[in-house]
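Have a look at the structure below before the remarks.
Chain lettering (A, B, C and D) follows the sequence in which the chains are written, and residue indices restart at 1 in each chain.
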Amino acid sequence: MAVLLQQLVNGISLGSVYALFALGFTLVFGVLEIINLAHPAVLAVGALLAYTLLVDAKVGLAAAVAGACVGAGLLGVLLDAVAFRPLRLRGASRLASLITSIGIALILVNLAQIVWGTEPLSYPPGTVPLRFFTAGPVTVSLLQCLVLATVVALMIGLRLLLVRTRLGLAIRAVAENPQTASLLGMPFDRVVAFTFFLSSALGGVAGVLVGMLFQGSVSPFMGNTYGLKGLAAIILGGMGDITGAVLGGLTMGIGEVLIVQYLNSSYRDAVAFGLLFLVLVLRPTGLLGQQRSREA
Amino acid sequence: MNAVTDLYAAYSTLVLFAGVAALLALSIYVTLMAGQLSLGNAALATIGGYTAAILTKTYHAALWPALLAGAGLATVVAALIGIPCLRLRGIYLAIATLAFGEVVRVAALNLTITGGALGLVGIAPLVSFPHVYGALAVVAFFFYRLERSRTGRALAAIREDEAAAQAMGIRVTTYKVLAFSIAGFIAGLAGGLAVHFTYLINPAQASFGEAVTILTYAVFGGTGTFAGPILGGMALTVLPEALRFLKEYRLLLDGAILVLVTTYLPNGVLDLILRRRRA
Amino acid sequence: MLEVSGLSRTFGGLRAVDGVSFTVREGEIVGLIGPNGAGKTTLFNLVTGFLPPTAGRVRFRGADITRWSPDRVAAAGIARTFQNIRLFRGMTAAENVVVGQHVRTAATLADAVFATPRYRAEERETRARARELLELVDLADRAAVPARALAYGDQRRLEIARALATQPRLLLLDEPAAGMNTAETQALMTLIHRLRDERGLTVLLIEHDMKLVMGVCDRIVVLNFGRTIAEGAPDQVRRDPHVIEAYLGTQTERLREARAASPEAPVLSVENVTAGYAAGDVLHGVSLEVGAGQIVTLIGANGAGKTTLLRTISGLVRPRGGTIRLRGRAVGGVRPDRIAGLGVAHVPEGRQVLARMTVLDNLRAGSFARRDGAVEQDLAAMLARFPELGERRTQIAGTLSGGEQQMLAIARGLMARPTLLMLDEPSLGLAPRIVARIFGIIREVNGEGTPILLVEQNAQLALETADQGYVLETGRIVRADRADRLLGDEAVRRAYLG
Amino acid sequence: MKRLWLLALLLPLAVSAAWAAPARPVKVGLAVGVTGDIAVYGDPIRNGFQLAFKQINAMGRVRIDPILEDTGAGRDGAINVFQKLIQRDQVAAILGPVLSAQAFAADPLAVQAGVPVVGVSNTAKGIPQIGATVFRVSAPESVQIPKSIAVAKKLLNLSKVVVLYDNADDFTISGYRTFVEELQKNGIAIADTITFSRGDSDFSAQLTKAKAANPQAIVVSALAREGTLLLIQGRNLGITVPYIGGNGFNDTNIITRAGPAAEGLIVGTAWVPSAPSAVNLKFYGAYRDEYKREPNQFAAQAYTGAQVVAEAIRRAGLTGAEDARTQRSKIEQALYTIKNIETPLGRISIGADRDVIQPRTYVAVVRGGRFVELDVK
């Protein structure tokens, strides 16, 4: 029982990381229906930027997070401008965007490798106080709570942005019907650029949090594991759905943890992706997704 | 003359890799012909590779029977994967097949018959130039005819407009499964060939990265006709070697090339070459 | 030969096809007509197996083919063309026709790989037949051209050739003449006759070009709101009051006098505009003006280019020639969001509400181009003006009824406080009661001083409402006059019913 | 008389010929993965090689021209590199490749061509058995682990442990297998066996499960990155029992990164920074000056490998003038004669089975932030 509780905590914490990644991932998909495989790389760049700010520029945590966030965001805008926008203008297939994003991922990761090296880095100790709360047999770290809180906050924030603000309105309109949106005076390219900014900024934040949560994990490759898992998460949640992404992420995390605890840890990923396969085939709108055409 | 043989000696394996890459590119091309993006080919190749390797290594089977057995198994698996996937299109199909790939990878990682993470080592180097390029020639010829056949046109019709194809009386599902099966066979064959000159096969061959690489072969070369994937596979295999002098900047350039080609050569490099000739 | 009995199909709440029954006898040419949204194409889809019916049966040459898969139906001998042309765009004309012969050929993959005699023979035959069919629809000289590069009319004819390649007994044509010029339409008519006379084909066709329908059909079935409202010989159908009403709308008394354009400079002036799509020009030198405070209506049969003109004005289509001025400012080729910013509200054909968003969000989206703070109060006003929207303010737009969606689309347009409101087919597929309501609103809005450009197929109603009217035929203005003068004008009736 | 003159004339020539410094440098290929995530191991290995050859060439007894080629992380890259080095560059010997999997794929090419290969980081079983020209200086874990288990058993009188290992990496799997054998030999019960995969960052699930089995120690076969994370997260989850780590753990960076969490970690290792030998001090100092970071075991083994090859070249008395074939066979012969040479790993020899004989492997424990040798008399 105690173990189960602790494992649930672990699962939620792991899941919230997936969710964090999935948020930005799903946003771009929701608007453009392209899968941006450069997102893991953006996450890594965000984390590394924060590292430089903390260690070399010696700024405070808040500033570092902000820097990583903005930096990653601008990177996203750049990527859209140089890589995705030309494809849109040509009306190229989503396949093309997928491959371009792979190319970008290659470039980013290797640039990062040249700039920051390959040795895993960790943020200076005490960046975030290592505090632990123990409720009976269960241990929760301050960071885990922080991450979960951030995820929920970002999720709500994103929802509010999309539902309450003028810009959010435009994003949703463009996502649903670019032509009608333009008839209503919404500038397609600017809206898309902002979407990329938002998505990548979220990626940057995710990177920093992952880096803090797992000391000694900050490296150009740190995003790699999240690429597929994040994809799985947003599929479980129904692609393009903000809340779905978070729920999907949590489902993935808890699922994996339970597999490790009660089934065979070595089949963790097989089970995870086996389920993903079944979900796709049996319930193509995702476990939590609303009705939406699956034609691409 | 001597220089030439030296050169070949220096790059013989690279030449074999190029041939295998071309085969893999063709295996994804056949599904693309029908407008289906499947990323399970790396996994299918791995299945073929393990099967063939186990047969020659443990059961001392002859090469060709082993290769065909591997290709056969991959074909069956591909068909089985293809059927449930028929409801999915585009990106969603891609992801489903990727998931399948991961399952294969992890299975290979944990099964004893596949030798876990280390995989199978010390596989006899039974494959050389004639095998790979013989196979490639046959498969290429197959595609040459396929593209000029009723079947090939049916696949193309499905890619162009599924509803219209149905209205022409084309059994869409049948042809999709056919495409998947052919893909499985070619991938499995390629996998079997590869393990017999790399001495080793391990689960990494089924990874996400490999799957994506195969796709880039096809797109890089161009998916207009079967010559594109062949060109793409070979070019992208040789390129990194040609770029050795760039040391750690190689992958950087690889990435740049991918972006540039998809952006400025929508129909692949082959198209560029052909246009040159026309001009 | 074809026997449709009690066939029905509902989408959500909408009864697209509602218990339709009719028969087509061997060797007949039957026309299926009716205003947009009457359920004609849905009926085709039900017959050819693209949609399963919710009720009713389809029998073909004695066999019950209800719920058969499309490929089975095709193999059984029913071929069709599509309203929005669906060629294999990447393939050449010849290849399209070769693919069409799929069900009539048998060479296996193995045959192809080993180039068996069977394969060789079949290839030869299919190519020969393709050539022959292309000649039939006189595209022989375009055989090697990719379908996407063909002109509109050619694409239509190629689609027919492709359908013929399946060697059907029954041919279903969905608006074969749409986008064709008069000469092409003539040729098409002779072609259809030849198909029947020389090849013994039976033809069932949907068409809006009445010249063609009246010219070729032995019998006509008229649909409206998913129901058969008339059936019979062309002349009798043409005179049938129900049909005329369905097309031109009912005669009501004029509500107010048409006003001539005010002397001040026009809000919108279109001069000699040419525009179209890849497949070719749709508009050939169209000129039109909307004066301040006017309602101007643009009427004409389907495919005349009405929608294209609106799309050109709002920037969705780049004009290839001529000038478009908003209050004297040239806006030809300006991006749509900029034009919206200049106060042009375009309520597109088929409403195009943002189906996944709430009613309120749709309205807010309408005010996007505005920068003033009065949005919220306009919102309140709008919900008051459209009570049915007020009640459903938080409902997802996609779940509204057709009428409500149309109201929403108009309301969304008004939220922009437009200086020019363009409405495309606001009465499309709506029940008369709702249509009346919508036109009431249109007059109201105009009464408040908003100039309106109204595209409408319900000519009667449109002309009664408008001050000025333009009649568009195959991309050209054939008649322009004060609306009341156009009422009951022969040119108008011809434009619709031939 | 004339003869005498002639002799007098020829003698200096003969002498000078005999004492002549090598005419041309001997080419040695370095097959290292420095791009992709493999670079975490590739970088220190490359550094070790380059430092060693720099020093060796400086001494001038032999002149060696090291040719570095990037294999990437895959088997294909390794094969291509080997072929280039063997055929194009006509190298006399090859050092590398990094991963055992790459060795299994690429070494056979060298065997065919009769090129001696010295592995410096391949610890999987059966590496020297690949063929007659494959040597290695990296002690397989089957040599180190028994010792660490024995020591740990004495120290903590172990009876029950949990084993965690990375099942996506051959290196860690071979370590895991050896661990299990040894644990069984010593009659230590394995309460639970839990796996994870290379690249994972969150191990709380595995560790919670391990903790639940309340073992006396946690035996881990992992690579440096995952190892670090395991240590930190384990302590965070309140795991107090010591870790017993495989080869991947002995990397000083683990201590710097894991900080206090690393305390008490027991590692069986081929090398400790604190090893007092003169060669080691020289290596350790020079490395830090050159690369501004702590060397790790991979660096030390690479350095050793380079030393061994250089020594073999010296003993073979190569002038660089010979054709590649003779160079290769002579080096191969010479490699067998390497006995008790001083290296950072201590005095090592190459056995008749082409595997390293390293009498002095260490069991180190982390105390006060550094590896200290554990000796239980």
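Methods note: contacts are C-beta pairs under 8 Å (C-beta built on N, C-alpha and C of every residue); 3 or more make two chains touch, one makes a residue touch a chain.
Please read these numbers as outputs of a predicted model, since none were measured by experiment.
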Exercise. Which neighbours does subunit A have in common with subunit C?
Worked result: B
Exercise. If you tally the C-beta contacts for A-D and for B-D, which one comes out higher?
Worked result: A-D
Seminar exercise, completed: At the largest C-alpha centroid distance from subunit A we find chain C
Problem set entry | Rounded Å distance, subunit B centre to subunit D centre (Cα mean) | 36
Problem set entry | Rounded Å distance between subunit C and subunit D, as computed from the means of their C-alpha atoms | 75
Exercise. Quick one: subunit A and subunit B, Cα centre-to-centre, how many Å?
Worked result: 30
For this session: Would you mind listing the residues of subunit A that make contact with two or more other chains?
Result: 110, 113, 266, 268-269
Exercise. Subunit D: which residues touch two or more other chains?
Worked result: 35-36, 167, 197
Seminar exercise, completed: Chain pairs satisfying touch are A-B, A-C, A-D, B-C, B-D
Problem set entry | subunit A - residues contacting subunit D, complex | 2-3, 6-7, 10-11, 13-14, 17, 110, 113, 117-120, 122, 125, 130, 132, 134, 139, 141, 210, 213-217, 219, 221-222, 224-225, 256-257, 260-261, 265-266, 268-269
Exercise. Within the complex, which stretch of subunit D touches subunit B?
Worked result: 34-36, 69-70, 74-77, 79-80, 83-84, 87-88, 100-101, 104-105, 108-109, 124, 126, 130, 167-170, 173-174, 197
Problem set entry | subunit B-facing residues of subunit C, complex | 48, 50, 69-72, 74-75, 79-80, 82, 86-91, 95, 98-100, 102-103, 105, 107-109, 111-113, 115, 119, 122-123, 162-163, 165-166
Problem set entry | Interfacial residue positions of subunit A with respect to subunit C in the complex | 163, 166, 169-170, 172-173, 176-177, 179-188
Problem set entry | subunit A partner contacts - residues on subunit B that touch it in the complex | 37, 84-85, 87-92, 94-96, 98-100, 102-103, 105-107, 109-110, 208, 212, 215-216, 219, 248-249, 251-252, 254-259, 262-263, 266
